[in-house]
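The following blocks contain the structures, represented as structure tokens.
Shared between the two complexes below is subunit A, which pairs with subunit B and subunit C, respectively.
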Partner chain A sequence: MNKAVTKEEKAMRRHMGLRATRAISNTVIHILLIVISIVWLIPFIFITLQSFRIENAMPVGYVIPHQWGIDNYINLFKSDFPKWYLNTFIVAVVTALIQTIIVLCMSYTLSRFRFKMRKPLMRFMLILGMFPGMLTMIILYRVLADIGLTQANAVPGLILVYVASSGMGYYVSKGFFDTIPKSLDEAARVDGASRAQVLTRIILPLSKPIVIYTILTAFMAPWGDFVFARYVSFGTSSGMNVAVGMYNWLNNDMITTRYTMFCAGGVIVAIPVAILFMCLQKYYVEGVTGGAVKG
Partner chain B sequence: MASVKLTKVKKIYDNKVVAVHDFDLEIKDKEFVVFVGPSGCGKSTTLRMIAGLEDISEGTIEIDGVVVNDLQPKDRDIAMVFQNYALYPHMTVYDNIAFSLRLQKVPEDVIYEKVTNAAQILGITDYLLRKPRALSGGQRQRVAIGRAMVRNSKVFLMDEPLSNLDAKLRNQMRAEIILLRQKLDTTFVYVTHDQTEAMTLGDRIVIMKDGYIMQVGTPTEVFEMPANLFVAEFIGAPKMNIMKTTLTKEGDKYYVNPFGVKIEVDGEKGAALASRGISGCDVTLGVRPEHITLAKEGGIPCTLEVNEMMGSELHLHVFTEDGTRIIVRVPTIGLEASEREALVAGQKVNITFSGKVMHFFDPKTEENLLCDKKPDDEDIGQE
Partner chain C sequence: MKTYSELEYLRLSKWQKFWYKFARFFCVVIPNGIKNGVFAIGRFFKKLGLGIAHECKDIVTTFIYGDWKTKVSYLVMGFGCIARGQILRGILFFLFEGIFIAYMILYGGYWLGMLPSLGKLGPAEEYDEVLDTFVVKYHDNSFRILLYGVLTIFFIIAFIYTWRVNIKQNKIAEGIIKSGKKLKSGKDDLRSLVDDNFHKTLLALPLTGIIVFTVLPIIFMILVAFTNYDGTHNGYTNNLFHWVGMDNFNTILSWDVGTGGSVQSYAATFGEILLWTLIWAFFATFTNYFLGMFVAMMINKKGIRFKKGFRTILVLTIAIPQFISLLYVSKMFSLNGIVNGILKDLGWIKDAIDFWGSTANNGLLARVMVIVLNIWIGIPYLMLIATGILMNIPQDLYESSKIDGAGAWKQYTKITLPYMLFITGPYLLTSFTSNMNNFNVIYLLTGGAPTNAAASAASGSVGYTDLLITWLFKITTGAESQYNLASVIGILVFIAVAVISLVVYGVLPSVKNEEDFQ
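Up next, the complex of A and B:
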């Protein structure tokens, strides 16, 4: 009898020990995550606070403004900023739209159709994607300059460049489409649907997370692009996007008068992306993991 | 409603594998034809070629007299029920059934009438607003059938529609398909690997193996006169018992000698053998388990190995002195309780069968010696 009790006690102690270990490891993990979050958030908090500082416009060594106000935001909208913002918005929205359509069609084709050279094509695109995009910059600039899509006409030029290689981003969505049973396509085709109707009425409604993931990634790249946008606009203010335009404010001769405006611009640029992510976060996470895990 | 005619249809896959060889068949208007065979025999491929979901490598398929080889599935006027139901998960049952009608731009009130009517026939009215994931397997299968029903297509194709259901539900749905067929009165092509489904549903059965048609016939024909050993063993459960023996002729009478026991061949069968000029030869003898009886005296001495109690009958697995395994179906109704209890493993039993129920196959070609009909001779389009 005594022996049995001892056994029970041992099991209980072991159980309590395991619980304690788990609680400790959970606490450590959470503390670590909180610290990482704070480190992650510091630049955002800093830039937001600086955007409301009105005692002077130059970079300073403190974080909390001495005088608060929205003058920086008012001045921002009196500058070229709205034009750059519009440029960026147009480029990002149009690119997102076209790129999403191309990526989804491409993914559906590679997932469902069996044609000669399908696999070599996929391998070729994989290898092509390994080269850094920067390599093509000079020749792309040359081509765009020749057809008059640089400087003041940078917006259509940028859209063209961003959209041109979009078919190569098919991996994630193809992986997701591969997990949708082919018999659904077949049932729909027997029911009288064309291939296009199968895609729009069956596959896409079932792939919401991946569609949203595709839209978001397609929107984000041009929204935050700097290098190529700077090349294509080449010093012409009306062709610049926000990143390029605002970068000029950090020049030695402008930084003392524009630094806080730069911070205000940074906040405005982050707002639509933050809203988008907050609304679509659920789908985005599903999209990122969905294609990979199921594929 | 329409006829379907397959002429020399062949399917060769990209890896040069030939899945279907020279498939010739005419399915008459309103006929219920079942393709049956083991996995990989080409039955589903053939059905998918009729549906337009697989390209036809050679030959032609006609639906209602029109060659449909190059037509898209949507233009063939067919309806199909898939093995895994293939319901659209993001749509309600109503929308699933209405999908094809909406594509045809049928007015909503007509759609409503058709969908509710189909739902009523299939007993799924209460589930119309549910999504497929909230349905059981049987209910999903009904929805899949409903989706095909509302189309009023010329041909109704079914690809192993019951194989995902449990045994009880399968029996129930099988009966419902028979009723459905009576209501729809259209041409059915049904694929299954289950010979019971084939026998109970089909007006004619097409038995396939390795892409070839082994036999086409009514359930009675294929059961009573299997064209070859494969059909003989495939149709009927438990499968036909096969024994190596010798056929001898003494005067007008024929005898077989399985396991050293001389059994006289029935007069009618003997006459048929005589008319084919067969006098004596080695044969593969086939006898169905239900045609073998336990003999009180004489017969073939065997040892009982397994006794399966199936309710209305016993399946006795016995082996002869030379180790050949034989299955015997014994109705329980004719057995005394003491007799039944005596049938335990290791028990010596004697079995016998009548000369009327024997099937004779050529040991080399495996063709039925008494069957004139070969698949190639199947008269297309004739009763």
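Up next, the complex of A and C:
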């Protein structure tokens, strides 16, 4: 009997020990995660704080402004910033719409149809994707310059280039279409629907997540594009997007007067995009994980 | 190299196993990958040749055995179709031929004729009667000649293809009429575009875009690598450019240090940057991969609260455009930036640390910094991906391993890691190659700084954190604008990426044995 008690006690103790170690490890992990979160948030907190600093406009070694104010935001709207913002917004909206249509056409076709050139076409695009895109920019810039879509007219030029090659990014949505059972198509075909009707009546209503994912990524990309937009606007302020315009503010000769304005601009650009992203986060996560699993 | 059977392999010690695998990878797997790649290219060309030969034979036999309508169609495209009542098709064929001939006579002939020389007459001072003085007049434009020359060749290929289709149509139509069936009318053709041939309708727009805005520029830039197109030969306003054969490749790959007083050869510079590109890609990929997986596992652990909150905070870095976050972080670490300010206030350092400018140890500090800051950028993506995959690992694997006495570490190395690697193999490969071309992170963080003095003397401004892709960009934007050398670098990057992809793709377990984990 005595023995039995000790056994029970031992089990009990081990149980308590396990619980204790788990509690300790969970606490450690909590602390680690909080530290990570702080590290990840710091730049965003700093940039917001600095956008309200008005005692000087240079980069400084302290975080909390000595004098608070919204002068930077007021100056921002007196500069060319609203024009850049509008440019980027137009490019982003139009690109998102057209690119989504193109990507869906491409991925749906490659997922559903079995034609002779399908495999060679996919392999060809894989190889094309291995060329550094930077190279093609030089010539695309010259071509756009030839047809007058650079500098002040950069917006349509940018849209044209973003949209034109977007068919190459079909992987994620093809992976999604692959998961929709083919029997649905076949049933509709038996009922006399044409291929086009199958797409518009059956597949599209089922594809909400991937459509939203495609729109979201297509909408976000122009906000960050920097290299090609700089080529195309080529020093003409009215044709710049936010990235190009604000990059110039951090040049050595401008940084002392425009640094806090850059911070304010960053906040203004980031807030709507981030809010939109956060609202549609679910779809983004689905797309990203799906894309990685299927390769 | 000696190949062990499975039993012999199992008898080896842990270290022997490791060395065996290691040696095998370099002695067997990589050569095999390259061999397979070469064979695949060979097979492709063999197939292409046989296909063309077959088509030619078919064209000849169709002409010999076809009726007069078919024979006329060899000259007047679409004639057979119209004569047999397929008006719509016939008109389209005929129109295409008309446009092609008109284009070739009006423009195509000129572009094509100029292509071998890329222009004969450069800008020159000529007497102008109106102004009564000598003014510079511009003539041929090498850039346009090359561009439109390539476009004309595309057009010719498209024409030959259409001509071939036109002949095939005749042959098929003859066959259908002989068997007594009805030919398809124009209405049927239109209907098939939304039905049986719907894929052609869907692909028309995307493929046109890709051909015009991706394929054509790439071919153009490959051709530029064989010309002397640069700032002093811009093809129009100062000098024409011409074909120079392999000269640019010889320049980039030469160890010559003498000319122009340069201290470092192009080949050495190229090798240095390529090495750093590979090191960067390796660390950028794998630090993100393992740390991202680690963070995902921490967040997903049982008993952790605010899972969603932590995830959202991390995802914020994806949501905010990179040019804001990267540029701002870059300035945070600048000489008079916040990080130095805080460290000084804390009394940890006396003089500001020059994160981006220090050239000690080949810019080691800046190199480590970009890798560390890239973790900040990359972990959220990996966290999302890993979360999705971790949730799919069957929980009973963990439970049964626990009963067998496996600890957390053992579970990780024996279950989680193999599963993750298996699923994300292709993703790892693509992220490695896209890191090799990761322009944004490097350019926005450092712009390539700190300057690599020795390499810069050879070619423009080269920094220690410059990747091949940022180097390429700098070469094209500097005063010299060496587009020709940039193209060569681009081609070499392509070759590097293609070889790595080909070899790794061949050895990926998820490609070889797809069923393992299913």
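In this text, the second predicted complex is superposed on the first by the 248 of 295 C-alpha atoms of A that agree within 3 Å, B and C clash if a C-alpha of one lies under 4 Å from a C-alpha of the other, contacts with A are read in each partner's own complex, and residues count from 1 in each chain.
Just so it is clear, a contact is a pair of C-beta atoms (placed from the backbone, for glycine too) under 8 Å apart; a residue touches a chain by one contact, two chains touch by 3 or more.
Model, not experiment: these values are computed from the prediction.
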Contacts of A:142 with subunit B and subunit C, given as first, second, both or neither: second
Partner chain in contact with A:226 - subunit B first, subunit C second, else both or neither: second
Partner chain in contact with A:59 - subunit B first, subunit C second, else both or neither: second
First (subunit B), second (subunit C), both or neither touched by A:181: first
Touched partner set for A:194, first subunit B, second subunit C, both or neither: both
Comparing the two partners subunit B and subunit C, which touches a greater set of residues in subunit A: C
Contacts of A:26 with subunit B and subunit C, given as first, second, both or neither: second
Residues of subunit A contacting subunit B in one complex and subunit C in the other: 194
Residues of subunit A defined as touching subunit B within the complex: 114, 181, 183-184, 186-194, 197, 201-202, 205-206
Residues of subunit C defined as touching subunit A within the complex: 143-144, 147, 191, 194-196, 198-199, 201-203, 205-207, 209-210, 212-215, 217-218, 220-221, 295, 298-299, 301, 303-305, 309-310, 312-325, 327-329, 331-332, 334, 336-338, 340-342, 344-345, 376, 380-381, 384-385, 387-389, 423-427, 430, 433, 437, 439-440, 443-444, 468-469, 472-473, 476, 483, 486-487, 490, 493-494, 497-498, 501, 510
Subunit C-facing residues of subunit A, complex: 22, 26, 29-30, 32-33, 36-37, 39-41, 43-44, 46-47, 58-63, 102-103, 105-106, 108-109, 113, 115, 125, 127-128, 130-136, 138-140, 142-143, 146, 160-161, 163-168, 194-196, 199, 220, 223-224, 226-227, 242-243, 246-247, 250, 255, 259, 262-263, 266, 269-270, 273-274, 277-278, 281, 284-285, 288-290, 292-293, 295
Sites on subunit B touched by subunit A in the complex: 14, 51-53, 72-74, 78-80, 82-84, 86-90, 99-100, 103-104, 147, 151, 157
